[in-house]
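In order of appearance the chains are A, B, C and D, and numbering begins at 1 in each one.
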Amino acid sequence: MPVHKRGRDDVDTIEDGPFPKDPSRVIAISDGVFAVALTLLILDVKPPTVSQALLASAIIGTAPRLGIFALSFAIVAYYWVSHHFSFGYVRLIDRGLLWLNMLFLFTIVVLPFSAAVLADYPLAAPAITLYGANVAACSATLAIAWWYAVGKGLSINVRREERRRVAVRTMISPTLALVGIAVATIAPVASLVLFVAIPVASYTLKPTR
Amino acid sequence: MPVHKRGRDDVDTIEDGPFPKDPSRVIAISDGVFAVALTLLILDVKPPTVSQALLASAIIGTAPRLGIFALSFAIVAYYWVSHHFSFGYVRLIDRGLLWLNMLFLFTIVVLPFSAAVLADYPLAAPAITLYGANVAACSATLAIAWWYAVGKGLSINVRREERRRVAVRTMISPTLALVGIAVATIAPVASLVLFVAIPVASYTLKPTR
Amino acid sequence: MPVHKRGRDDVDTIEDGPFPKDPSRVIAISDGVFAVALTLLILDVKPPTVSQALLASAIIGTAPRLGIFALSFAIVAYYWVSHHFSFGYVRLIDRGLLWLNMLFLFTIVVLPFSAAVLADYPLAAPAITLYGANVAACSATLAIAWWYAVGKGLSINVRREERRRVAVRTMISPTLALVGIAVATIAPVASLVLFVAIPVASYTLKPTR
Amino acid sequence: MPVHKRGRDDVDTIEDGPFPKDPSRVIAISDGVFAVALTLLILDVKPPTVSQALLASAIIGTAPRLGIFALSFAIVAYYWVSHHFSFGYVRLIDRGLLWLNMLFLFTIVVLPFSAAVLADYPLAAPAITLYGANVAACSATLAIAWWYAVGKGLSINVRREERRRVAVRTMISPTLALVGIAVATIAPVASLVLFVAIPVASYTLKPTR
């Protein structure tokens, strides 16, 4: 891979084409999409429109919706942390990885929609299924992007034991999401608890060792 | 072009004026606009407001709208990839290129509007025409910016054969968009298929060789 | 802490794991969230819908709402300045700091909601309490993140006297917010004045000496 | 000014305090606010809701609103170009410049509101006055920030003749805006033409010589 660096610029070009490139703009667009997604979620929590006498209880009444918002914020934040972690390994971008990252961002951008549906119907199985499927899709697309990068030699060298560890960790959030879907009709509250467990598990489990 | 670099700063100033500059802020504002445009598109997919019994079918009923959203996301993503690719050649920015890039970003920012119209009237010729014209305008403005940069010597040296290749590739997406417009009244579904083909073609065709 | 730098990339990896990292992406996502939050606030100021004859007075009638918007803009700007100041000390990020920063960003993202409620009920005690509590939560989470960074050795060396000065300064905005809440039922205008004092105090007080 | 650089980080700290700093984060937050403001403007152009037979004429009927949107996009773009130009001179940031920049960004963020009012009442004097006052405020705050930076020695050395040139140029857009306000009651179309002239003048006039 004859990399031909030009000055202090952000883009490397190999001799025969525009790829692979350095990942700086891929990370910039990803951070931008995450920043907007994190902030857009609140638009779904509407201020109450009641008489002033009822305002206190109306504000307290927004708590469940704020709770779903907090859950979704935590899940989007979790995927940002995962993306940060995963792309910490990536050194070069090719067209495949560019589009796999876009596929992942697509699943992130759909989350505000799934979260709005869940906020409207917090205990309904179809809403829980949509939300869980969306979360599972986020995990799946990010995992595919990471394994693609490692398999294509676009990442730093990842040792065998580290790969195994990542593979195990990668299974956690889609498993929680799918179990959440599975129990949605019989125990919707348990589904929500499982969704809450996704970012919590990310924080609790050490990423290595 | 007597470039007078000062330390590690992002801005070069030549002796007689503020231009040409290094493109870092142009790329930053472009990535920001793309990130917001990619994420705003979902705001047009509203959660259903039905009784809980009808929720499952109502969620399935949002599929066409989600499909238009996915198409628009893919097209905006495609233009981001194209911008990334094109500005990978650019080394300096002058006022002309600054404003041509803004013209391109304008066509990108209009896309959520065109997408919303298309989502409301997916098989109506005027909606398809608006959408196709918008896509063609995105391609045209980006192409003008690129040729301007190459012609004005603001890019790295681009070999003749590479220019020809880029010229051919540049024709693909506006051609698909215009054919899509042309057949809108007789075969609107074919128009949508042609629009879907724009990002797909981008992925399928190798950018070089 | 055996840091193993690779080329000019943004991510450092120590030998045994992915943390600590350099803070560039944490700062990028934070700036992105702040940028969106600062701009979203205006969406709550709706243009008037009156006959043209009444337009002038209707525009003047939006002044109180614009005032709440200006206050919220100043407060979000104040927290951005504080974040800029605080993370000027930070040299490395671990998982704890990553999530504490996300907790802080969560409190920032809720501010447009609290501001919308306050704009609807500017003199109602529950709205003032919500707003004040939100502001106090912003200050508290940012302070926790800063002390965590200093305590864990993720910051540059901070001298004892500087720590004391930061501790005193850190108390100002939550104190103003809590006093604002305390007087909300008897003197709501005083509460608003105290909220206005938060960014003003930040500007007036010298950050050091 | 004993600057104490630490490694490859973005923040310089002088020995006695956290300021002056390098302007990278100020530019990042500014680009972010501009990116969101540029993209939010389109939210005010609503897709038509008519029968399919009337769609073509309804789309054409959105042209005036799209025109106001295009004008506002061009004006925000113009201020981004001006900010890019002005901060190309800035080398250091102190607290005053930090907050003057925030004041400028405040005037930018209000523009989508003024644009929405103008789009609803394109020929009404109060709407034109609001819009023109907003534009004049953008110019004034940016000019104050620039002169502050030059006066406080936070910029590169600006020669006397260049200062005079900037002073002249700085007067153009507020003058156009104020004349636009002045003729609003007698010739509202002329006001709009003067507003259109602001970004056009920026492009036409050479920034130097």
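Observations, loosely collected:
The rule we apply is simple: a residue touches a chain if its C-beta (ideal position, glycine included) is under 8 Å from a C-beta of that chain, and two chains touch if they have at least 3 such contacts.
Because the structure is predicted, anything quoted here is derived from the model rather than measured.
Overlaying the C-alpha trace of chain B on that of chain D calls for a turn of 90°, given as a multiple of 5. Under half of the residue numbers found at the chain A and chain B interface occur in both copies, marking it as a different-residue contact. Chain centres here are Cα means. That of chain A falls 24 Å from that of chain C. Our note on geometry: chain B versus chain C, Cα centroid distance of 34 Å, whole angstroms. Of all residues in chain D, those that touch two or more other chains are 28, 31-32, 35-36, 40, 43.
Across the interface of their complex, chain A is touched by residues 6-7, 9-11, 13, 16-19, 21, 25, 28-29, 31-33, 35-37, 40, 43, 95, 98-99, 102, 105-106, 109-110, 112-113, 116-117, 120-121, 124-127, 130 of chain C.
Those residues of chain B whose C-beta lies close enough to touch chain A in the complex are 24, 27-28, 31-32, 34-36, 38-43, 45, 47-49, 52, 55-56, 59, 66, 70, 73-74, 77, 80-81, 84-85, 88, 91, 156, 203, 206-209.
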